[in-house]
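Here the chain labels run A, B, C, D, E and F in written order, and each chain numbers its own residues starting at 1.
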C-alpha cells in the first residue's frame, strides 16, 4: 500500500527524530528525545541513598519513575501535578525500564527517573521511555539492553507506525510498545482500540520494526556524547 | 402502645438481623452484619507491628478504626475518601470498642479495624460497631465483653428502636448507643434531636434493651463459626 | 507637607499601638500586637526536640514560622489552611527573624513561631513580625536585637508610614521592612509598586524611622511583663 | 498512668479536685462580645485559662438541592499549634472535626438559626453562615468554651447588606434570625465520679467524657460521649446537671 | 526470592501449578447479580478466594466540552486495607489507578455504553455513570474479577427516573443503554510459562503479567502489560487464549 | 560552613568570585524565543548552566468579582526534581511559591499586561494568562532566568482565536496586549560584598539576597529580599545596579 499520511510520511516512517544525551548538567544522566512535535526530556539521579530508611529494600535498588507534562506542552493547558493518567504512565514506564536494569547490584538505594514532556503531539509516553533509557545509559548504569519504544496502529487497512496529529482518531487502535531489540523482549504493551487478534499481532510486529530504527538512533546519540567526552 | 411502623415492626422490634463471622479470608478477624437494608462488613488486622516506629506506644497497642461508606451504598453516590462525617464516626467507633479491649497486653503494636458500609439505610455506625466487635472476637483478641450497638428514638410519643427509612425524620431524636451488656457500661452515646431529659433517659433504656437482643445474635454468630472450625 | 490622612494621622504617624506580652499561657513565649484595626498574636514553642529525627540539623536549631489569618479577620471570609500568599509570608517572616537569633546555640531542636492574624486592616505581615519578635524575647531566647517591622509608601508626593484602609490603593508603593535598630540591619524588604529608585530609598528611610518608634513600644511591653513577673 | 493523673484520681475519691473546685463548679467564665471588628459577630470566651475566639462571617451561596429554601450553616474549628503544644499543623484531625461537629449539631438540632429566613431566592441563592472556632489557649474543656462563644457570636451578629449580587459589609444592621441559644455542658468521669468543666489536667486523668447541649426550655438537643465506658448513673447525672449549668452559662450571652 | 516463589517456579517448569490447576484453568468463578439494593446495578464476583464488589451509580452532570452529546463514564477502584494486609490507607496509589483505568478502557474502547443515549440536553446536561470497584478479599487477579463484576453491574443496571432537575431513585426501570460486554482476561508469565488467572501466590512469583480485554465478536479492545519483560510467544498465546476465556466468562454475566 | 563556602567568602574579600567573574558581571545569558510549539508564547533562558523554560498558555474564565473588567494572570513555578538533586516531589513548597510570586508581582505591579484589553464580557468572561515556569537545570539565580524568560514569552505570545465559546488554537495572530517588560535582577550579599547573578555555589555561601525588578523607564516595580540581614549600603547598591543590569537584559527579549 502506498497511502500518504497527513505529514507526507509512508506508513512505516517515523517522524523526524532528534536525540541528545547530557542535556541536564545536574543529573547523573539525562537526555532529550524529539519525534516531530513531541519532545521529552529525562533526568536520572542515582543510584543514591534512599530516605526515609524504612523504604529501602535490602537486596536491590528501588526504581522510581515520574512522568509529567509541562502545562504548556499541549493545546489546552494541563494542570500541573500528578493526574490519574500520569500515575498510570509513570507505572508502566517504570515496568518498561526495570527489566533492562540490574537493580540487585545497588541494594538499599534508589534510582530516580524524571520525565518531562515539554511538547506533546502524540506518543509522549513512548518518547519519554526512549529518553529515560538514554538517560540511564548516560548515568553509567549497566543495562541488559537499551529500551526503545514506539506506538503503532492500523489506518484504512494499513499497519502504520508512530501515529501523530489526527491519526490517533483514524486508527483502529493505538498500541504503544517498549522493546529490548537485542534480547527480543517486550517490556511495555498497551492497546486501546477494536481489532481482531491477528491485526493486534501485525501491529506489534510493525512496532517492533520501528523500535529497531529508534534503537540505532539511540546508540548514535550515546556515541556522540561519549565521543565528545573522549575529546574533552 | 401498638403503633405499627412503616415496615410493620412493633416499636421494640429490630429489623431482620443477619450476622456472619469470617467473611474476609485475608483478615485476622472479620464479620458481616446486616440489619434490614443496612449492611456493614468489618475486618481486623493485628495486633501487628506498628510502622513508622515513632508512632508506637511503649506500654499498649494502638487501636485504629476507619469507617467508610462504599460510593454505591446510598441513594446518591458518596464520594470515596474520608469526610468530616466519616472521621467523626471513626473516632466514636474507636472509643466505643476500646473499653472492651486489653490494649496493655500488646505493647508497641497496632490493631486495625476497617469498617465498610456496603448498603446504607439508617444505623450504619451502629451496624459497623456490631460487625467490628464480632471481627475483634473472631481475630481471637481477648475482650472484656462484646460491644453491641443500636439506635433508638421516640416517634409519636412511643420509644422506638432501630430507626429505618423515613423514621429518622419522624423521630424526636436519633440516639445511637454502644453497650457492653455483661459489664453494663455504655461506650457510645450520641444524640441529635430535641426532647426533655426524661425522654432521653427512656430512649437510652430502650436502646440498651435492643442491645441485649443483638448481643445474643452476636454470640450465635461466633458459636456458628467456632463450631464450623471445630468440624474442620 | 501637612496632608491629613483619612484617619487624621500625619504622614509619619503610626496608628494607635497596643502591645501585650504573655497572652498565651501554654506557649513558651507569646505576644499580641495591634496597630489600629490590625491585630496579630504570636506564640513561640521551643527550643524543643525536633521530630522526626531526620529533620534535625546537627549544628543548629531549625526556625519554623507559620503565618495564618483567622477566617473572620477580613471583610470576606478567608478559607482556613495555607495559601500561596500565607506560605510566602511565612517564609519572609522566618527570614526576617532568623538573623536576630543564635540558632547555633540549640542544635537538633526546633523553635516554632505561630502567628495568627485575628483582625486584618493592612500591615498584617509587619504586625505579625512585631508580635513574633516579642514572643521570642518573652520565651527567653537570646536575641541580637528585637526585630521591628512596618510598611511605608508615598501618597500624593509624600512619604507616608503604616498605610491603612484605602491608602494601600492610593500609594505609589507598598514597602514593608523589618529592621534591627540597634544593629542597623534590614531583615525584611519587599516592595510592590512603581517608583524611581530615589523614592524607594526615601520610603525605606521613613520605614526605618517608624521601626524605631515601634522598637520603643516593644521594649515597654517587655518591661511591663518583666516588672509584673518581678512582682509576683 | 503518670503521677499527676494518679493524684487527681486519689483526690476525686475524696470528692476533691486538683484546683480546689467542687465537683459541680465551673472555673471562672468570662465572655467578651464582638471583639473582632471585621466579623459579623464574634465572642471571646475564657474558662479559667482556656481561651477561645469564635467569629461569624456571612456570604451568599447556592442552597443544597434537598433544602432549596434554607440558608447554610458551616461550623469549622482550627486547633492551631499556637494554642497548645499538643496541637499539630496540618488538615483538621479527628479532634477538631469532632469539636466543630458537636457545636454544629447543637445549633442545628435546636433550630437556633431560622434557616428559612436566610433564603434569598429559592433554589438559587441563600445566605451562608460560617462559624469559625479558634482556640487561643487550651487548658481543658474546649467544647463548652467554643459552644458558649458560638452562641454569643451568633446572638450578636449583624448581617451585611445585600445589594444585587454585592455584599456591603460596611452597612450591617439586621441581626441574624436567631430562635434559640443552645449551650453545651461537658462532664468528665474520673474513676466513677462525675465533674463538670474538666481542666486539661482532669481531661488527661479522666476515663470518659460527656457533653450535653440544652435549649432554653431545658430540652436536650445534642449529646456526645467521648473516651472510655460510662455508667448509666453518671450519664443520668450529666443529663440532669446540664440543664442547670446551661441556664447559668446562657445568662452571659 | 522466597521459598514459596521458588517452589511455584519449579512446579511451573513441569507445567504444574501450586493449587493443582492446569495452566489454562481459572479458579472457580461465581457471580451474584445486584446484591446491593441502593446501587443502580451491582455484582459480587468471586474467583477462588478473591472477592470483588462493583456498584454502578448514576447522576446528572455537565458534558465535557469536546463531547457535548455524550454521557460520562467514571471508573474508580478503592484498594481498601480491609481486603488485604498489603493495601494501605490513603489516596489511590498506582495500583488502584491502573486497575480502574484497565476496566475503564475496556468499557470505553469497546463502546460498551451507548454514550450518546446518555445525553439529556446537548452541551448542558448528561448522565454520569460511576463504576466503583471494591475488592473485599484480594487473593490474586483483581483485574478479571473487577472486569467481570463491572460488566455484570452495567448489564443489570436500571436508570433512575429524571423529573425536571430531580432524580427519582425509587423508580428505576429503563436499563442502561449497553451495546457490548468487554471481558478482561489476565495471564501471568512465570519463568517462561504462561498461566491464566494467577492467584496471589503466583502473582508474587510471576515475572510478567498481561491483560487482554475482548468483545463478543472476539475483537481485542484493550491490552495492558504489567511487570517484567515478556516474550512475543507468550504475548501471542495470551491474545489467542483471551478470546476463548472471555467467551466463557461472558456467559456468567 | 563547609570548605567551599569558606573559600568563596575568602575570595570575595579580595573582590574575587569563584568562577572569575567581576562582582557586577552576569554569567553568559542566552535566550531562545518560542521554542515550544504548543504554547502561546515561550522562551528558554540560559544563564551559565542554569536553564529555565517559561510557557504562556491562554484560556477563558470568569473574572474576579472585584475586577469584573480585567483579565487574569496566573504565575506558577514547578521546581521539578528533574532540575536539581535538591528539589523534591510534591506540592509546591515555599521556594517555588516565592519564585512564582516574585515573577507575578513584577508583571502585575509594572502593569506589563493591559488586563482591561483581556476582558471579553464584563463580569462574565475574561482571558486568563497562565505563565508556567519550569527550571530544567538549577545552577543558581533561578529568579532572573525565570523573569527574563517570562518577559520574553509574554512579549512573543500570540492569542488563540475565540469563536463563540470555543478557542481556536490553530489560528493565533493577535499579540498579547503588552505595555511593559519588567526585568528582575538578583544580588547576593556575601560577607559584606554584593555580587550580581549568584551561581549556585554563591547562593550557598551568601548571607542575604535581594531581587529588584525594574521597568523600561528605570522605575522599580517589585523588590524581594531573602536570606539574612542586609546593610542599607548594599540595598542601595542593588537598587542602583538593577536599573542598569535590567536594561542590558531587556535588550535580549
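Everything that follows uses one rule, which is that a contact is a pair of C-beta atoms (placed from the backbone, for glycine too) under 8 Å apart; a residue touches a chain by one contact, two chains touch by 3 or more.
Computed from a prediction, not measured in an experiment: that's the story for all the values here.
The fewest steps needed to get from chain D to chain E, moving only between touching chains, is 2.
Common neighbours of chain E and chain F under the contact rule above are A. Of all chains, the one whose mean C-alpha position sits at the greatest distance from that of chain E is C. Set against the C-alpha centre of chain F, every other chain centre is closer than that of B.
Measuring from the averaged C-alpha position of chain A to that of chain C gives a distance of 51 Å. Centre to centre, using the average C-alpha position, chain A and chain F are separated by 32 Å.
Computed centre separation for the pair chain B/chain F is 57 angstrom, with centres defined by C-alpha atoms. Chain B has residues 52 in contact with two or more other chains. Within chain F, not a single residue touches two or more of the remaining chains. Contact residues of chain C toward chain F in the complex are 84-85, 87-88, 90-92, 95, 98-99, 173, 175, 180, 183-197, 200-201, 204, 208.
The part of chain F that touches chain A in the complex is made up of residues 36-39, 42, 49, 51, 53, 55-57, 59, 76, 78, 80-85, 89, 91, 130, 132, 134, 136-139, 167, 169.
Looking at the complex, you find that chain D touches chain B at residues 92-95, 97-98, 100-101, 105, 108-111, 210, 215, 218-232, 235-236, 239-240, 243. The touching residues of chain A, when paired with chain F in their complex, are 23-27, 37, 41-43, 45, 48, 66, 68, 70-77, 80-81, 112, 114-116, 118-121.
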